[in-house]
Structures are given as C-alpha cells and as structure tokens.
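Consider the two complexes below, in which chain A is the common component and chain B and chain C are the respective partners.
After this line comes the complex of A and B, so read on.
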C-alpha cells in the first residue's frame, strides 16, 4: 500500500506530485457528468477549454518563476495591461509586437530588481503590479475600445470542428515543453531551484550555471506567457478591460501548487501545472453548473489554496 | 575628512529610514507651494484619515520584523465593518463591538501564525488566501451590496478632539508609543529582534522561534481588528470594499520606515513617519491633480525604490 501511495504522491522526484490532482480531475469529471445534465456536452467542453486556457497559459509562466524559488504577483496586471494596449487605436502589425516587447521589459525589470538589487521577489513584483495597474487605468479607465480583428478571429473560429482555443493550448504547451524538457535552460532552472530549496543557494553557480541570467529569463518568460493569456482574453471579451486580470496571480499560484510544484523551488512539472489549472477551471465550471454564488466560489478557491499549500513541506519559515 | 570617517558618515546616512527624508521633502514642498495648508486644523483632518492605516502598520511592522508578512488585514477590517454595519448584533454597545473586533483579529491572527510557524507555509499565500476567504464570506453574507449604517456613537467618538488634534490621531500615536516601549523594554521585543536577525541563531540561543512568530501574527491580527473599528467609525457606513488596499499600503509604509524586508532591523517610529509621508503624499498628489491611476503608480514606485535602497545597502 505504502508503495502505491509513494507512487501517487511521487515523493523525492523532480516532477512533483501530479498523480493526485489527476485523480481529483477525473473524479470531478465523473461526478459532474453523473450529477448535472449539461456537463457532458460538447458545448460545455468547448466552454470549459476556453475558460481554462488563460489560466493554463499564465500558470505555465508562473511555474517558471516558482521553479527558481520566486513568485510573480504581477501576472494579473500584465494581463490587464495587455488588453488595454491591444484596445488602442493602432494597426495590428504594430500592437502585437509592442505588447510582447512591453511584457519582456516588465519581466526584465522584475528579474533585474530581484537578482541585482537583492529585493524579495514578492515585493519586487508587487510594486510592479501597482505600477502596471496604474498605467493600465491611465490608458483605459473603464473597459472599452476595439480589439484587432486578427486577435478576435484567432480565438473564436474552428478548424475541422476543433475550436481554435485548443490550438492555442497545444502551441503554448509545446513551447513550454521544449523550454523545460528539451533545452539546457530548463535543466538549469531545475538545478537553480533545487539549490534554493535545499538552502545551498550557490550550488548551481558552482556548477557553472549563469544563475542570475537564468532567473531574469524566468521572469521574462512569466511576463510573456501572461501577455499571451492577455491576448487570448482580449479576443474573448472583445475589449480592453482594466480589471480582467484581477486575482489571476492568486489563481495561477493555486494552479501551480495544486499541480505538485513546490513553492520553495526545484520540483515541478508541466503536466502537473496543466492539470492543476484544469482542476481549478473545472471547479469553477462545476460550481457555475450547480449555481453556487460567485462569492462562495471565491471562498472555496481560497480554501483550496490554503489546503494545497499547507500540505507542502518546507524548511524556511516566513515569506 | 579621511576615507574612514567618510565611510562611517555615509553608513550613518544610509541607516536613516527613508521615511524621514520623504516626510521632510514632502513637508518642504507643501510649505513652499501651499503654506496655508500647514495649519494644525487642516493637518489634523488629513492625519485622521490615515489613522486606521497607521494602526494597521503597527501590526505589519511586528510581523515584518520576524521576516513574515500579513496581508489579511483587509479581510479582518471588512469583517469588523460587517459586524457593526449589518445590524447582526442589534443594540450592541461599544465594548461589545471592541470585544468582537479583537476576538476576530485574535482568531485570524492565531490561524495565520500557526500556519506560518508550524506548517511553514509561505506567509504571503496564507494571509492572502485568508483575506480572500474573509472578503468572499462578507460579500456572500451581504449579497455583494453594502450593508446598513453604523451606529451614531462610533461616529461621535471619531469626531471628538483634544485641543486641535482629533482623538483618533492621538489614539494612534498612543498605540505607537506603547508598541515602541513594548518592543524596546520587554523580553518579547528582544525575541523579535533576534528572530529577525537570524531564526537559526535565535533557535540555538534558546529563543522559542515558532512561538515568537505565532504571537507576532496574533498581535497583528488583534491590531487589524482595532484598525477595522477605527476605519468603520471613519467612513460611518457599511461597505464591501473598504480597507482592501490598506494591507499593501501598510507594507509600503513599513518598508519606507526602515523595517528591512527579510532582515530583522527597524524601529516603530520610522514606519510611523512612513504613514505620515503617505498622508502628505496624497495631499500633494491631489493638489497637483494626479488621479487615482497616478497614485497607484507612485505607490508602486515608492515600494520599489525603498526596497531597492535596502537591497543594495545590505549587499555592499
């Protein structure tokens, strides 16, 4: 029995415990399809995928930062900021690159402040969150504006009966998979995080890994994934909205932690994060189907976050 | 001057919490541009507005000195506001409300402390999660719309003055004085300092590290409850949105006041002046017609600059 529990919780592996959330995911699916009439329909499945997609994308970015023992609280603000920029009156060919360049700059600044100025990641990204929220509200105080047609088309069509959001998911997951498991960079991320988690912060440095540069790149990656999610959301809501990214930072952290990624760094997996995000989206979907008040949904999400993170063990106390 | 003398001078200057410098420069700006604003009556009104923030900061600086953070203040304040304004306890007197606020803060703070010290969960995540749970609860109970009114006696107490100073400001200064004496004179104050310097060294010197952290969080919770009372008295109506940005502002004021994040240094009066600086800052920004978005940006920049200031100093 012990053996199976160990396999399920995957102790002492770099992948983290993603078997358990997978079971939860399947369990909720089975429960919902038996107990609600509308769950097991193609329409609801399409809905669910479109709902889950932004969170999946943001959570993958968040995981990059979490793997090196950081946290990025600015992702929600990056999403809102992206939708606000996209809703400006300018040609599409200009807007899309600008959005990515700005996101890269945000990530670069987060990373540099954390690595060069010795500021705690939470404080650095919190300050960034405030600046971005302010900038977003300067550009677009209330929701409005027009989103480029190209973006609108890319999220709402379908190809041989498969809706476009699925392709977004496939592309993003492939990029992340290549980054994490088929590149030197991914290996370095795990090495840096592993050192951080065991308290030997210069372990990776001693192996000749450019620790600071890789951490900065993790923050850049996180901001870029957040901006992809922002583009996707802009296409879905068809306007710029200063509040669309609200609470995305918490949801993404919950998804990452739910997927078995250790917040102290070094342990985690892509499949776990995707499953974690899917579980969260599925729960929102299910709670909507059984008509639970949105306020109670917030309480439930907060509770899940507390439980999931409470079950992780770490040595460090405090932040 | 020799090089060594110069170095010590530079170090001395760097040790001054940035809040004093910010406060003095903002004061000078006001004095040069709007001297008529600087009379005690007007300043009293401005100070009264930040009294809840000032009280919340006392708890924040305590937990930040033991290398933790408390972002659950927003939820506690909202819950206290709901107790008072929803008519949940009809005919309750002031002591009853004080008891409720303190008890709520105590329970929330104790839970935070237990999760952080015993379960070793990241403080940011615990307190944020607790905050959104409390906010969700209040919004569910009040169905998302503001609850009723606040009993008039609270408002009356809030409006009293001693001399020219409003009593809430005096209450805040009094609490700050108590906290300052408590941290400098009591054994617990020494525990806080040593845990902040190095939890490991403190543990090996026989300091009950976990208990110190739990007590710090419990006290921060109680203080948040008291801040909730003052905040409720100040707006005099029920609300489902008040006080949500107070914890972040409290963190900002504390960093500005020289409580270095992740290191156990800093006093009580630095953050006090940090709050005063924020009060003046909002006045100055309003005078120059900077709107809500601009204020957000300025807050972010201040948090960042203060944190960078300490980060760079501790490295060199």
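After this line comes the complex of A and C, so read on.
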C-alpha cells in the first residue's frame, strides 16, 4: 500500500505529485458517466475540451513563473486586454502580431520589476493587473466589436472530425513540452527554482546560469501563453469583452497547484498542470450537468484544492 | 612539475576586518597542497578568491602564467578551478547528470539537450572515482558523502586542473575517506593540483606533500611536509600575545547549575559530559565548526540531540527538546542565550533600547498580562552596564557594536537570568568595549551567575574563562584549567585526539 501511495505522490522526482490529481480526474469522469446521461457523449466531450482549453493554456504559462518561485496575477487581465485589442478595427495581419508584442512587453515589465526592483511577484503583477484592467476598459468599456474572421474560423471548425480546439491544445502542449523538457531554458528554470526553494539562492548563478534573465523570460512566457488563451476566447465569444479574463489568474494558480507543482519553485510538471486544469473544467462541467448552483461549485472548488494539495505530501523533495 | 596557479600579494577586507594581508600562494601540478591555519586565519577567504566567489582588493591571480580575473565560480571553472565547499552547492531537484552539466549542457543537432551524452559522460566520471551511482538519480536522494563525490566528479568532468577540497572528510566515514584518498592520488598522477583544507593532522601528513600556513591573514610560510612534524606545524599556526584585557579569575565555584550527561550531538559522535558551576565561566574551545555551536544551540532546542541528558539546576529536561517549548522552559529555569549574530538573531534593531531590554521581562509573563512600567529597571541596567546612548528611546541600530552587545546582555540581567550561554561575546566589538564586556561577565558570575561561552578567538576564551573544554568532531576531547591552557595545548588536544584522548 505504502508503495502505491509513494508512486501516486511521486516522491523523489521533480515532476511533483500529478498521479493523485489524475486519479481524482478519472474518478470524477467515472462518477459522472454513471450518474448523468449526458456526460459520456461526444458532444459533451467537445464542449469540455473547448471549455478547458483557455485555462490549460494560461495555466501552462503560469507554471513557468511558479517554477522559479513567482506568481503572475496579471494573466487574467492580459486575456481581457487581448480580446479588446483584437476587437479593434484593424487588419488581422496587424492585430495578431500586435497582441503578442504587447503581451511580451507586459511580461518584460513584470519580470524586470520583480528581478531588478526586488518587488514581490504578487505586488508587481497585481499592479500590472490594475493597469491592464484600466487600459482594457479605455479601449472597450463594454463588450462589443468584431473579431477577425481568421480567429473565428480557427476555433470553431473541425478537421477529419476532430474539432479545432483539440489542435490548439496539441500545439500549445508541444511548444511547452519542448521548452520545459528539451531545451536548456527549461532545465535552467528548474535549477533556479530548486535553488530558491532549498535556500541556496546563489547555486544556479554559480553554475553560470543567467538567473535574472531567465526569470524575466518566464514572465514573458506567461504573458504570451495568456495572450494565446485570449485569442482563443476572442474566437469563442466573437467580440471584445473586458470581463472575459476575470478570475483566470486565480483559476490558473489553482490548476498549477492541483497538478502537483510546488509554489516554492523547482518542482512541477506539464502533465500535472494540464490535469489540474482539466479537473477544474470537469468540475464546472459536471456540476452544471447535475444542476449544482455556481456558488456551491465555487465552495467545492476550494475544498478540492485543499484536499488534493494536502494529500500530495509536499516538501518531500528535500526542497 | 610546473606551476599552475600563482596568487600574488592578495589582500581582502570585509568592512574594517582585514582578512587577508598581501598573501602569496602557488600550486604545482601533481601536488596535494595543504592549507593550514587557526580559525579566522584566512584560509577559506583565500580559496574563495581562487574559486571566484570573492574578488580580492589587491593582488593578482595567474593561472598557467596568464593573469586572470575570476568574477564568478563559473569563470573559475572555465579557467580550470573546481571547488568542493563545505556547504553544498548542488541543486537538489536536479539529477546527478544534470548538476554535472548545468550551464554547459551538450546539445543534439536539433537543439535539444543531449541527455544520452550527459548520462554517458557522467557515468564515466563517476566510474573514475569508483562510484556506482545512477546518473539519473536526484541529488536530494544522495547522502552528504555521495554529494561530495559528485562535486569532485563535476571537477573531473569539467577537466579542472585545480581541485579545492575544503574539509572534504568532515562528512565522510572511514571507507569513504579511503576512496577519496585513492582518487586524490589518481588526480595527482594525472598532473592535477589539489588544495586540501583539513583540521585532521593525520590526514595532512598522510596525503599532502606541501603545506602553506596562514596566521591572522598573513603568510607564515610554505614547507614540504617531509620536513615537518605535527608539533612544528602547530607551532607555526599559533603564537599570539595574550592581552591584559581580562579581569581576575574567580576564586569560588558553587553548586552545579548545568549538567550535560552522555550527550551525543550527532548519531556518530562520541558521548560527552559537561558541568557548569555557579560563579564560573566555562569555555568551549577548539577549531571552528567542530560542534561547539551545536552544543550551545542544543540547550535552546535549535539542535536536536541524538541522545543524552540535560539537567538545569537539578531539573531534568526531557529529550526530544523542541525549539519553542524548549526555550521557554529553559528560560523559566533562568537560562539565557546570547547568539553569535546579535543583529539577526538577538536584537530588534529598529526598536529602542527600552523594548529590547523589557522583552526579556515580558516574555516570561502571560501574553495578555497588563504592561508594567519598566523604565526604572531599564535605566538601572543601562547605568550599571554603562550603555552609551542618549536615552532608553534610542534605536538599537544607532548604537556601536559594543553597546549593542551590552543591551543584549542587559536583557538577561534585567530578567534575573543566572545561567548565560554566550556565543562570540565580543564579535565586532572594539577593544575598549571588549574589556568592559569581560568585566561585566565576570561581575555577573561573582554575583552567583554561571556562563558557558564559545568563541572563535581561542585567546579570548583562555583569558576570560576559568575552565575550558576542547571540542573536536562533535565531542569533548579534553578539559583544562584556563590558567594552565595555552593556544598550543588547546590545538594540540584538538588535533591529536586519536593519540591521547582524555575525556572529560
């Protein structure tokens, strides 16, 4: 028994405990298939994927920052801001690059304020959140405007029977996988986070890693993933909306934590984060199916976060 | 034999503290070079300069005849200098192979990290050391000894020509020491140079061929080991003047107030026993980091003892002895603790003198008890201790080091503490204030107090205390009367424990 618990809680790897949230995910799936008629249908699965996709994308970006011991509270505002920019009256060929450039600037500023001015990540990104919320409402005080046709087409079509949102997921996960596990940058993120979490703040620097530059890049990455989620959402709701990104910062942190990533840095995994986001999306989906009030849903969400994270036996890494 | 490293005229100060004063040092290929000196002689600083951790204020470093600027440990590694420090610098969440290649990972043609090559080369480097470790294991799962070998393997893999080993055997058992010695000899045969810092005499004579001795940041000399005996070597390390700063020793010793019995500081340490009588100042002497601090911290529950019994004024304290409840319990029994780092651990720098002293009184009362007026008590203390400050409202940060220390001591005097455990009583204190503090401590014991003190400055301990225990390798190896003790006899007792151990 002990052995299986150890496997589930994934001690002695830096992947974090993602086996346990996976069980929770499968458990909810099984329960819903037996107890609701509409859960195990192709239509609901497509629905679920489209619902989960923005959170998966944002959470992956959020994880980059969490791995180096930070937090990014500005991702939700970046999403709203992105939809607002996309709803402006300008050619698609201009709008798409512009949202990425703006997101990169947001991430750059977050990162520089955190690393150069030694401002706590919560404060630095909270300030950025306010600025973006204000700027978004200046551009688009209420929801409206038109989203480029290219964006609309990219989220609602299907290819050989597979809906486009699935391809968004595949592309984003592949990019993140390459970044985290097959590039020097990814290893350096883990190294920096591991040093921070274990109190050896100079260790990564002593190995010749550009600590501050890599942290700044993590914030840039987080903002860019958020803007991808914003493009996706703009395509789904077909207009610019200043409120669409609301609470994404909190949900993304929840998804990251559910997936076994440690908020102190250095331990976490891509699969865990995807599972964490899926669990959250599945809970909303399932509770809608059983007609649970959205307020009760929020209470349950908090409870699940506490239970799953509590059972992950954190701090078992020597970190 | 060629000269690999030449350090010339190296000076380094930290604040007002001149740690190195125009020291020169050179290393030959194929040689194991011991670096010796007492606590604070500057060995570690000199090696940290060579390792790129610190930059010298003056002097230059040449490697293979080329002048180099070593601005970071990475620079040093690129110049062929690899260091195994006492405090570990590996990342616990990375595997052995990842640590080995961190910052210079090999890439495949597609730009991904070449894990196959990393694992292959890591295995080869580990094999050279005769280690059977899986390169994909996380460093957090390794023992301290294994981590040390991984760091050495890191140097081998990076093809370093100089290896600095700072107390490499401190955490190793006898079998591992043998493995280490074999690999050091192998490295030498291949023309590498090894700097070996250790306090274990027999190791120095066993493995090293040359020794450089430092004293007070100055070079004493460089000699071939074959020309030396342990006694001559100790003679080179000691020899400072005892100043007349110290008050007369005590004549009376009352009943036992603190008694440690069969204490094992760590699992493998030999048990030790210690007694402290009323009216006495007892010192823990020995080389730096041999367990003196573990002993003092054990009394306030910050270091978990492996086994043994602590008795304060006849009351037995149960083990395990936890941090929070532990200190409250010992405090109630009248034991005060003056930590080494008074700015971080002792004082509230932003608060006035008043609050820093009365916290000692308040901490003994219920949390919701009404505030009492302690101003007269504090004024008395400040006057009797001669704290130089405008008034009790002055912030502690604005005081000099000596006056800060007096405030900290005042906290315990106000609270009527009668046993004091003091670490480094005069660190960062100027000479005038030093003698005042010595006088205050002596007055404290003459009024029936008892003091257990430890310090890096052996001379201070000899001058201040009545009785000394020499601590080495987490146990007490000798006990002597301060009046008969000399720096030489203390060092001798510490370093030659294997030959003539007499336990207290």
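Convention: the second predicted complex is superposed on the first by the 303 of 319 C-alpha atoms of A that agree within 3 Å, B and C clash if a C-alpha of one lies under 4 Å from a C-alpha of the other, contacts with A are read in each partner's own complex, and residues count from 1 in each chain.
Note that in this section a residue touches a chain if its C-beta (ideal position, glycine included) is under 8 Å from a C-beta of that chain, and two chains touch if they have at least 3 such contacts.
These numbers come from a predicted model, not from an experiment.
Participant: Per the contact definition in the header, classify A:91: touching chain B only (first), chain C only (second), both, or neither.
Facilitator: neither
Participant: Touching A:204, do we find chain B (first), chain C (second), both, or neither?
Facilitator: second
Participant: In the superposed arrangement, which partner chain does A:309 touch: chain B (first), chain C (second), both, or neither?
Facilitator: After superposing on A, A:309 lies in contact with chain B but is clear of chain C.
Participant: On the A-aligned overlay, A:263 touches which partner chain: chain B = first, chain C = second, or both, or neither?
Facilitator: First partner only, chain B.
Participant: If we overlay the two complexes on their shared chain A, which of chain B and chain C does A:183 touch? Say first, second, both or neither.
Facilitator: Touch status of A:183: second partner only.
Participant: Contact-wise, after the overlay, does A:195 reach chain B, chain C, both or neither (first, second, both, neither)?
Facilitator: A:195 contacts chain C only, not chain B.
Participant: Quick one: classify A:161 as touching chain B (first), chain C (second), both or neither.
Facilitator: So A:161 meets neither chain B nor chain C here.
Participant: Which partner, once the models are overlaid, touches more of chain A's residues, chain C or chain B?
Facilitator: B
Participant: For chain A, which residues belong to both interfaces, chain B and chain C?
Facilitator: Looking at chain A, the two contact sets intersect at 317-319.
Participant: In the complex, go through chain A and note every residue touching chain B.
Facilitator: Per the stated touch rule, the residues are 71, 113, 117-120, 122-124, 126-138, 141, 247, 250, 253, 257, 263, 293, 295-299, 301-303, 305-306, 309-310, 312-319.
Participant: Would you mind writing out the residues of chain A in touch with chain C in their complex?
Facilitator: Residues 12-14, 178, 182-184, 187-188, 190-191, 193-195, 197-198, 200, 202-209, 266-267, 317-319.
Participant: Which of the residues in chain C end up touching chain A in this complex?
Facilitator: For this pair, the touching residues of chain C are 53, 72-74, 77, 88-94, 98, 102-105, 107, 111-113, 138, 140-141.
Participant: Could you pull out which chain B residues touch chain A in their complex?
Facilitator: 66-69, 115-117, 119-126, 128-130, 132-133, 135-137, 139-140, 144, 199, 209-210, 213, 248, 251, 255, 261-262, 292-301, 303-304, 307-308, 310-312, 314-315
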